[in-house]
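I'd like to ask some things about the structure below.
Think of it as A, B, C and D in the order they're written, each chain with its own count starting at 1.
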Amino acid sequence: MTDLLKLSGVHTNIGRYHILQGIDLAVPQGQVTMLLGRNGAGKTTTLRTIMGLWQASSGEITFGSERIESRATPDIARLGVGYVPESMAVFSDLTVKENLVLAARDGPLDDTQLDWIFGFFPALRRFWLSRAGSLSGGQKQMLSIARAIIEPRKLLLIDEPTKGLAPAIVMALIECLKEIKRKGATILLVEQNFFAARELGDSVLVMDNGTIVHRGEMADLAADVPLQERLLGLSLEAHQ
Amino acid sequence: MMILSGDPPRSRVLTLVLVVIILALAATPFLFPGAKALNVAAKICVFAALVASYDLLLGYTGSVSFAHTMFYGIGSYAIAIALYGMGPNWAAVATGIVVGLPLAALLALAIGLFSLRVAAIFFAMITLAVASAFQVLASQLSWLTGGEDGRSFQLPELLRPGTVLISKNMFGFEINGRILTFYLVFAVSAMMILALLRVVNSPFGRVLQAIRENRFRAEALGFRTVFHLTYANCLAALVAAGAGVLNALWLRYAGPDTSLSFSIMLDILLMVVIGGMGTIYGAIIGATIFILAQNYLQSLMGVASKAASEAGLPLLPGLLHPDRWLLWLGLLFIASVYFFPSGVVGRLRHGGGDKGVGTSH
Amino acid sequence: MTELAASDPLPKPKRDIAPILLPIALALLMIPLIGSTSSWLTLTAASLAMGMMIFIMASGLTLVFGLMDVLNFGHGAFIAVGAYIATLVFAPFAASVQADSLLVNLAVLAPAALLSMAVSGALGLVVERVLILPVYGQHLKQILMTTGGLIVAEQTLYALWGPQIIPMPLPASLRGSFILGDVAIAKYRVLAMFIGLAVFIAIQLVLNRTKLGLLIRAGVENREMVEALGYRIRRLFLGVFMTGSALAGLGGVMWALYREQVHASMSDELTVLIFVVVIIGGLGSIGGCFIGAILVAMVANYGGFLVPKLALVSNILLMVAILMWRPRGLYAVTSR
Amino acid sequence: MTLSLETRDLTIRFGGHVAVNNVSCTFRPGELTAIVGPNGAGKTTYFNLISGQLRASSGSILFDGTDITLQSAPLRTRAGLGRAFQLTNLFPNLTVEENVRLAVQAASGTHYDMLRPWMVRRDLVARADAILDQVALGNRRSVAATTLSHGDQRKLEVALMIALEPKVFMFDEPTAGMSIDEVPVVLNLIAQLKQDKSKIILLVEHKMDVVRSLADRIIVLHNGQLVADGQPAEVIASPVVQEAYLGVAPKSAA
């Protein structure tokens, strides 16, 4: 299997902070790669660095056959990378429709694609002409994801999509992401919700203090409770 | 050290330059005879104080005000109107001060409470708008201000040039009322600058710097930053009005061009940036450099312009004309903000081997 | 494109119409105060015309601030440059300007306005690259740099054209008034109103109906995300900056014709006026800017008629009153 | 009367999103309460509501018998609510000592003293130096705060709060982003502060080991709601925490 995205020796400094301290990772084509780790471990910074929103101070980032570590964000996006930030970043002053019109960069909205998205997120059809700012948190998250998949992208970078969402919505999201994966997308997904991670992930990377501290198959990690506890700092005592 | 409030220049070169400037100013009546030199020296004193008060705002709180000449003008006009209306006596001088200074402070209080709550950019725009309205007001209320002509007035007997205090045959120099006025200007300006130095190095002054650095955190420490900024604004206005009083006393005149115009505001901005923001000492350096240049380089420009026009060069005579002085200042201003943001004092301190930031021990 | 009927009621946000009602209420309130209906109509027309011109000049400033968080203290320079450039066209064609034919007049006026817009737009390009690019995100330095730019531009105008006031006569066919009963409305004001309204509608259409407009509105809110969707926002910004500068140039020409003179210091005077307008409107809001411009013009015209002395400080009083009501202006832009 | 801090039905909405939803909770002196919950649960927002950086949409906050819901942040700080921030929040170009001195000065009520240079206030200087020694930053006192390492900046952040001499200490992830060897210094400091039984200590923390070692009580926020409150052992073991922390239950995902 080929790797769609590869980072080697990536360091990122933000101001005086040395956040990423040598990241090596690979995202295989057609898989969902989970990026786990506790708060402040550098997960969001990793995604932002890939996206070019923060400049890597050293190291190489390869997307397909292109080196992208010193490219500008719009150019990286145009290579086929979709980004769903942690803050969702929907344009709250624009309607749902307008948000999606902007996201469909190269032409008018594609009806079949749209119907497919509405299948997962009926709320978006319902609030089609409402300001995105008036949506609930879960609906904003759906819009944010819809924006990233309205046109086929080669790679999706998704940052904690289930954060702060009610369980039912989390389920819908998981289903949607599975479907996107079936359609052949490659996803790098930051997640703190371990069950969501277990449901979706093929392979897993765990970060701490700006480096990758574990890499392996999701299934292996899911089966190894002591390892989970050691890596994620979570207690699973109640399940024992 | 206490007179400098524990904040010495912290650079040998800077100390030397400051000492030379101050000694030269103090000895101007004896070293450089002639009305022009004395005028230049007095103007340096007045502007050093005015710029230092502006530095309290710009350098220590990080707020850009365009209303500083308004306060300067209030001081100038107050004393001018009082002396014009009440005649050349000391009661008029006192009235001008007692009315002008509080008026300036009150106006600063109003502007501060009104606009310092929100972003710094609002403050800049609002002060610009208020200052321009004031300027229009001053030129329209001509029964009070003399309109575009301004107000000329007589000084009290003691301060007039004709009053000889110590005749020439005593020391070989004549000490007259004019020279006494100069020393009055010199002493009051020096006092105001020392007072400002005291303020910026007081616990209060440290809070101002804290607000400049991180207003959110200053609030979280329990400082009500709007009040601190407003006090600073009032203090700056008071000193500016004080400088305005001195300016009017020296010129025996107050008018829109000498005390209110927008170009004075730009001069102040330039002086504070050239001298070095957030240092107070920068005001002395900036004022000295700027006013010397203004008085001596401007005539040089005239010569160059004439030469260029005789040589038949296109455009150049117009650009070098002494009236285009501001054009070059503007370019200099942009260049100094861009390449030289810490000003002369910052450069001297940095080059002077001082590694500490803020106050050293 | 799919146009889907909403099956459920949409949670429409309440439209904030209080600011829109403000100028209407003010105008109605003035009817009894002014007494004569014809004077009121004349003054109202004058206010609208003046307001439109101010809006044209201020719109670029507020848009640039909203989009890129840059406050250009030198915006007034574009206005003056626009006016001066127009004199270049007017002077050699003085005869055509004075010809009593609308077509002949317009044949001079239109190219003059276009040239002014082109030159001030080009100047905008230079200013953005040279003065603003190095100081993005630093308000203090932005204020200082652009103030410096204003001085330089103004002084250059003095150097090139001299300190004297240059007359800028209205073309012959635009002089005089339309008389409707006992109401006289100056022809030029009607034209100014027409152009101003056209510019406002054009801006609104672009912002609301085109993808470019969506991009600008989205960029005002979240620049990073627009980039992450693959749009090069730097170019977009430069385009907006140049458009804003060009509009300022157009406003300059119109203002010069309104005053029938050009002077380098007009940039100072107008800088203050447009600042008041964008503060009142809410920094970054086009709609607020439009209402703010009309309000400022109304206060100036009605105030000048009722209490001439007050006219000097009327702008400041208006600003104080509005900010007491809404401390961030009529329409506060959400993201800042 | 003993010190008390209470939130009643505290709620804040951002647009359609309810970030903190009807949280009622009373904090008692001598008790270290850890506030836990997954990312986005509303912990920091809850802190911001208590310390006054945000204004509640509804509900109230009572501190020491007074309703402080509408008070500004500076007034709450003066009343005794001390806060250390999650993202380091200092005066970057002032020296380390000046940073602390400002907090000491605020605590001493010296706000508008402008006639004396600061060095004359030896009391302020001495107290600032003592606190710097306490957090092991004494040797860095005259460098600019911005030049400190991340861990040292966190310590300085805590020093500022100690200098305020608050009645309530609010720590927002005090060890976030610290290297392993720096963590114990901060934890020891918190343990020391715990000795004073008259203070209320609130701690937002992700690391369960830290919570377990320090907390007397845990409250759990999830989607803005208070879902558990009690002894550390029982709260950590409760299913609701498992769900909040680890996501939807496995059977529903199947």
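Methods note: a residue touches a chain if its C-beta (ideal position, glycine included) is under 8 Å from a C-beta of that chain, and two chains touch if they have at least 3 such contacts.
In this text the structure is predicted, and so the values were computed from the model without any measurement.
Comparing the CA-atom centres of all chains against that of chain B, the greatest distance is found for A.
Chain C has the Cα centre that lies closest to the mean of all protein Cα atoms in view.
Centre-to-centre separation between chain B and chain C, using Cα means, comes to 35 Å. Here the CA centre of chain A is 57 Å from the CA centre of chain B.
Rounded to whole angstrom units, the spacing between the C-alpha centres of chain A and chain C is 43.
The mean-CA centres of chain C and chain D are about 48 angstrom from one another, to the nearest whole unit. Under the contact definition stated at the top, the residues of chain A that touch 2 or more other chains are 92, 133-134. Annotation for chain D: residues 16 touch two or more other chains. Shared contact sites, meaning residues of chain C that touch two or more other chains, fall at 11. Taken as a contact graph, with one node per protein chain and an edge wherever two chains touch, the assembly forms a single closed ring in which every chain touches exactly two others.
Contact annotation for chain pairs lists A-C, A-D, B-C, B-D, with touch applied as defined.
Within the complex formed with chain B, the chain D residues making contact are 51, 53, 72-75, 77-78, 83, 85, 89-95, 98, 101-103, 105-107, 110-119, 121, 124, 142-144, 160, 164.
Interface residues of chain B, counted against chain C in their complex, comprise 62, 64, 114-115, 117-122, 124-126, 128-130, 132-133, 136-137, 140, 262, 266, 269, 273, 315, 318-319, 321, 323-324, 326-327, 329-331, 333-334, 337-338, 341. Within the complex formed with chain A, the residues of chain D that make contact are 15-17, 38-42, 146-147, 150, 173, 176-177, 179, 206-209, 223-224, 236-239, 241-243, 245-250, 252-253.
On the side of chain A, the complex with chain C involves touching residues 51, 53, 72-74, 77-78, 83, 85, 89, 91-94, 98-99, 101-103, 105, 108-109, 111, 114, 125-131, 133-134, 147.
Against chain D, in their complex, chain A makes its touches with residues 16-17, 38-40, 92, 133-137, 139-140, 160, 162-167, 170-171, 174, 192-199, 209, 233-239.
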